[in-house]
Amino acid sequence: MKPAAPLADFARIVQAALAEDLGERGDITTEAIVPAGTGMKAVIRSREDGCIAGVDAIPIVLARFSEPASAQIVAADGTEVRAGDIVATLSGSAQTLLSAERVMLNLVGRLSGIATATAAVVRAVAGTGAAIKDTRKTTPGLRMLEKYAVAVGGGVNHRFGLYDAVLIKDNHIAAAGSVAGAVSRVRARWGDAFPVQVEVDTLAQLEEALAIGVGAVLLDNMAPDVLRRAVAIARGRCHLEASGGITLANVRAVAETGVDSISLGWLTHSARSLDLGLDVG
Amino acid sequence: MKPAAPLADFARIVQAALAEDLGERGDITTEAIVPAGTGMKAVIRSREDGCIAGVDAIPIVLARFSEPASAQIVAADGTEVRAGDIVATLSGSAQTLLSAERVMLNLVGRLSGIATATAAVVRAVAGTGAAIKDTRKTTPGLRMLEKYAVAVGGGVNHRFGLYDAVLIKDNHIAAAGSVAGAVSRVRARWGDAFPVQVEVDTLAQLEEALAIGVGAVLLDNMAPDVLRRAVAIARGRCHLEASGGITLANVRAVAETGVDSISLGWLTHSARSLDLGLDVG
Amino acid sequence: MKPAAPLADFARIVQAALAEDLGERGDITTEAIVPAGTGMKAVIRSREDGCIAGVDAIPIVLARFSEPASAQIVAADGTEVRAGDIVATLSGSAQTLLSAERVMLNLVGRLSGIATATAAVVRAVAGTGAAIKDTRKTTPGLRMLEKYAVAVGGGVNHRFGLYDAVLIKDNHIAAAGSVAGAVSRVRARWGDAFPVQVEVDTLAQLEEALAIGVGAVLLDNMAPDVLRRAVAIARGRCHLEASGGITLANVRAVAETGVDSISLGWLTHSARSLDLGLDVG
Amino acid sequence: MKPAAPLADFARIVQAALAEDLGERGDITTEAIVPAGTGMKAVIRSREDGCIAGVDAIPIVLARFSEPASAQIVAADGTEVRAGDIVATLSGSAQTLLSAERVMLNLVGRLSGIATATAAVVRAVAGTGAAIKDTRKTTPGLRMLEKYAVAVGGGVNHRFGLYDAVLIKDNHIAAAGSVAGAVSRVRARWGDAFPVQVEVDTLAQLEEALAIGVGAVLLDNMAPDVLRRAVAIARGRCHLEASGGITLANVRAVAETGVDSISLGWLTHSARSLDLGLDVG
Amino acid sequence: MKPAAPLADFARIVQAALAEDLGERGDITTEAIVPAGTGMKAVIRSREDGCIAGVDAIPIVLARFSEPASAQIVAADGTEVRAGDIVATLSGSAQTLLSAERVMLNLVGRLSGIATATAAVVRAVAGTGAAIKDTRKTTPGLRMLEKYAVAVGGGVNHRFGLYDAVLIKDNHIAAAGSVAGAVSRVRARWGDAFPVQVEVDTLAQLEEALAIGVGAVLLDNMAPDVLRRAVAIARGRCHLEASGGITLANVRAVAETGVDSISLGWLTHSARSLDLGLDVG
Amino acid sequence: MKPAAPLADFARIVQAALAEDLGERGDITTEAIVPAGTGMKAVIRSREDGCIAGVDAIPIVLARFSEPASAQIVAADGTEVRAGDIVATLSGSAQTLLSAERVMLNLVGRLSGIATATAAVVRAVAGTGAAIKDTRKTTPGLRMLEKYAVAVGGGVNHRFGLYDAVLIKDNHIAAAGSVAGAVSRVRARWGDAFPVQVEVDTLAQLEEALAIGVGAVLLDNMAPDVLRRAVAIARGRCHLEASGGITLANVRAVAETGVDSISLGWLTHSARSLDLGLDVG
């Protein structure tokens, strides 16, 4: 199923991006040079191969200018484009199109970069059954958009924040004295209102988690052979997720261990923007 | 001179980042497991070599939690750290430190990644006299912070938005009919209230700009030998900035052509986060 | 096609509604009587026949409380329910469910009331080909939600505000001296960037509008026989919309004149809320 | 005493209403057709009999436009008008008056509709001594304004939200085990800081409430003869309020039972707007 | 007529004042020492003679705390109190009263200081017929409240900002070439939509203003004998206002020249707060 | 060390001040009289001796106008000026400079007034070793700016609000039964996370505080001879601060008692603005 674009987040980020780019005074170059009323046609084109995400930002940006301009989306979110392909065609006020260009390209470029990276990883593990997940290592303020871009690229969203799922990590285990202690505190406080996952560093901790019926375990920084033993131990009794030190080069080896999912912080914290440009005429 | 940290922008972004990570309900894992009143000591440590930027975010994040925790900054902005070095020591409420961890690391990691990339480029051109500049290709909403990180890394900030300097690009020139026409419209509208730079694609356009006394020119996508001819033509009569297709590998060759500055979009649009972690105890 | 729920508007209105109902101090009755941690199951049930709209508000309201509660939607937007039918089942914190009850019912009740009224009118004109439209006579602050409810009920949205379509009314015509004068000013200012509709009081004005190629005409306060003559005059050359003084009792007679659409202010400005209640257990 | 208009709420709602009607681009029709600087005189006139409420919105709307226009209020809040009566006279910029028209009429029309309905009920019970009250069944975001309109119409405001008075309902009684248990929890938590009312479904519950000295009881969905017995039982020892299933047709019969007050959700949740129009010249 | 308290401005300023005093963490002293649920009675008492203004702030402050406390106003706005007089009696949660004390006293003290200064000046000119006016020299952010305090003290409000009345000063006259030129530009732009006042430095300028029928003149920095000649020249043809260098010591001499009003910046820009204190028990 | 100007607070207050001065309509006088595009040069000059504070506000105000104007600061914060000295030179759009004048002068005048008063007190106690401190008796909404102005004048900031330091006052002591009881509750709740100060009215209470090792004591309303005995009792074991009834006339006598610091509410609650003016040309 196609993920739904988080339009409210687009609107908020577009407003912030326009505020920081235009200030109180606006585009002083275009105002001085391009007469009001001048029309223009242009296209947004990809300068490299990739997976497009975030095109909903384009009409939202244009709608905030007083002189009208409009966009036709050619490559909807999720489209795989080749270098030179058109993403959208634009027409209307030249002032608006020139002043809006950078904010549109910055946002669509960044989200497409994340979708492109995700899609590459998803292709790399094709056929193994492992899902590719994101983390909370997102750009401050852009989490909803970046998680949406991961979904567009074929990834699966992990929890959205500290508030919607329980993830018990080493410091929580230390505070409770044991995996079992931590889990029982969570069950006492919240019942089964939220999904619960436990992060483990060793196979012993995995066995402890299985013994008390934990539904999902995050295997932190384990080599493929250890992961394989974890899969053998779990025998399908819980969801197993691998995390830590996984790159495009080694992700297939990890996926082939039989884990259910693989989470990757760099999809969002170190994404390269997809190179997009605006061509006039 | 050390750049001043944009504290108001830190405060705004920290608020947004905490809102999206904590939601209305907060850190449900830590609340259930770690008793209120539990104390903790921890350090933020770099897991790789790099240049630190953004540590002002750390106390700003901690101050927004009701149970007190405080930070001592060990590596101030601009410090070159090695893998394993401590960036800050933290102490106070364990609940606060665990709930605040990811927001602190995401923000400092991203800004330090930008500062690290900038510092690498600045080192690569050392001795040539060329300044390294950023662009408007920044993350939506984070421009002030990302430009600050570039300054921390030894870079020089280009204009902050469309509102504080004039940059005449190809579409502006087309609208005005010529470089000279565009410049004269700017002078008629704004006098000398703002710095003016003209982007040129050819040496002929450079000569046209020089003829009318333009103070700064951006040389777009020119190979080093063409840049060298541009420097010879300009003979110091205007500031020359190279831009487009410049990487860490070829930036020294560009700098040695004699241009005054080099601007690089990837410092901000494709920065890799610096890997930081929180170690307890 | 099913209309998309305007989630950002739901979020904004829910926040305002909770603020005015809870104040700084919250639900002082429930806090004093119902212990924290008490669980509860409940259903939202319709007390009369109608068309449901706005159920997206239910989880949005619940998510803003710190003690968790969740909802299963039984009757999605657009469902025709009978008195006694369940709209949603709720479970979780009793404090949350009791404190959230009124805000959920007020919002879903109002939007369902609008959808129910719209659906009744749509049924009344079934087979005539006339579309049922809303107006700008909406509750201040709720326009996006109320127009969405009209769409859920099978209606078609007229312009969303003064900014997205041109509607030339009597005072505009007076200012320009004639229908033709008003239209030509609009074309000079905006080209064909926006749809243009002209409101006319007489058949002479309709002919004037047709003569200059206007695409849509609003026929204000005309009796069915006059509308029929208007349809004959227009001969399909423009979209004809009837408006003014139209009720559920006479809407079919209006539709049978052959007009393309009928707009009704009372769908939104005088809607009766659908009677919904919350039943515990 | 005349109720004071909640001017801050007027200002907030007017701002929201103008934002949704004007968007970023404003009134594209009027801007294109009516030259800036054109003056105009107009009146707001009622098209039907009713009680006016909300005229403070008129100057607040006009003040937000840059070209000046002003209003003279003819029918202050609480005035009973006849069809054709003038509510306010307007003069100033034609652009402002035309662009502001709908927002002014929507807000004053809705509030006058509520005041008109309230006044009709108040007249229906004249001489019985029963007060007419509103409920929390108000339009999301408009509660303060709608409760003000009820007061203008001669009604008495019930609590403004969950925060300013205690109302113990069936689910609270169930949670506490009995009426007495619920009341004693409230007294333990809040002392006598807030007024306390108990909703009862049976005369047995009424007696239980009287036995523990409750000051106000809400009699839910009781027929007139049962209400009459409740009045006999209470013998003035507490305030009795009737609620549920009461219409303009049967409200006098309810009032004549001797209850102290009658609360009606439909005054606000299903109010019909009063029909107002703007006439130019 | 008693001026109406600007309640929306009170609410906004109270919110800002509480935010800066409580931060995210609240009153750490009171929270640690005073148990929740402790009750308290207290009074706000004036420590010196003066005129009270701003008591509406007191319940607005208290209403923003979760534990209830309430106030009875003893000295309404405009009351002349003596040292030791009670301004308000407070009762309810001790935590709330102690945490709210400083914000209440700061705001009421400042506004009462302005009202007291104004009342002293009004008394000094009693019988002369001269009105006492404020200026735009108000504390940033507090203008509406400070102008309200002037009105409470018996003063008359000058324009509220640059937007609601025209005041032509020396630099405007210089730009237009003459008083007459400036006035005619104002009449061309705005007609008679706004009151117009001209500031003059000399009697020649006064005559110029009278010649073109200006309705109000501000006589800047003129000695009493010059003011007297101005009054003789004007012969009632326009409103005359004296301003500049006027103190409590010389204000009567100015008033006795026959000017219509006297405006004083120091009423607001250099007001001393009235000394108020909170006494417990 | 020079205090850092709180730029975010400047930005917030400037925005509020411009909003209240310009409204929706702007400076109607200047707009009508001074043609757009007119240039102007001006200076801000002090009309009396004083200590300047708040000049950062000047460029922040100017930057919010669309027609450009800029400032050169001549007297940085902390500069002692004489009557007639220039504080800043301004140039650019005449419209902007005239419309911005009052907001700039109001803010810089007020902060300079506070810095001037503080500097006078600091000079009066020179050589005694006593620090001059502010209090929480600040203008609502301006606390950060006013405390900054105190620091500019050479004062030392006391706590910024109720949230960053513990100050135990008489009512807290009463609630806890004794000084020792109050202090031990604070230590139980907060450990040593915050500095703790105790306000005492008698020397007996001082001894009680010393006995339990309190680090700072506030001596309320004590005459110099009592203060001297307090210093003798404390023998350097804790920080002693005098407060209450201290004026410029008696502050040296207080300082010479040997107390460590003196706090003065009137520095902020009753500051006189420094008289600044804008001179054109």
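The chains carry the letters A, B, C, D, E and F, assigned in the order they are written, with residues numbered from 1 in each.
Here, a contact is a pair of C-beta atoms (placed from the backbone, for glycine too) under 8 Å apart; a residue touches a chain by one contact, two chains touch by 3 or more.
Note that the structure is a prediction, hence the values are computed from the model and not measured.
Number of steps on the shortest path from subunit C to subunit E, with steps defined by chain touch: 1. Listed candidates were C-E, B-C or A-C; the one reproducing the D-E interface, defined as more than half of contact pairs identical by residue number, is A-C.
Seen from the C-alpha centroid of subunit D, the farthest chain centroid is that of B. Averaging C-alpha coordinates per chain places the centre of subunit D 47 Å away from that of subunit F. Averaging C-alpha coordinates per chain places the centre of subunit E 22 Å away from that of subunit F.
Annotation: 54 Å between the Cα-based centres of subunit A and subunit E. Residue positions of subunit E touching 2 or more other chains, listed in rising order: 23-26, 68, 190, 194.
Taken as a graph of touching chains, this assembly fits none of the simple shapes: it is neither a line, a ring, a star nor a complete graph. Every pair of chains meeting the touch criterion is listed here: A-B, A-C, A-D, A-F, B-C, B-E, B-F, C-D, C-E, D-E, D-F, E-F. Chain contact summary for the complex, subunit D toward subunit C: residues 13-14, 16-17, 20-35, 38, 94, 98-99, 102-103, 105-107, 109-110, 113, 136-144, 160-169, 171-172, 174-176, 182, 185-186, 188-190, 194, 266, 269-273, 280. Those residues of subunit A that touch subunit D in the complex are listed here as 63-66, 68.
On the side of subunit C, the complex with subunit A involves touching residues 7-8, 11, 39, 68, 70, 92, 190-191, 193-194. For subunit F in complex with subunit D, the residues that touch the partner chain are 23-26.
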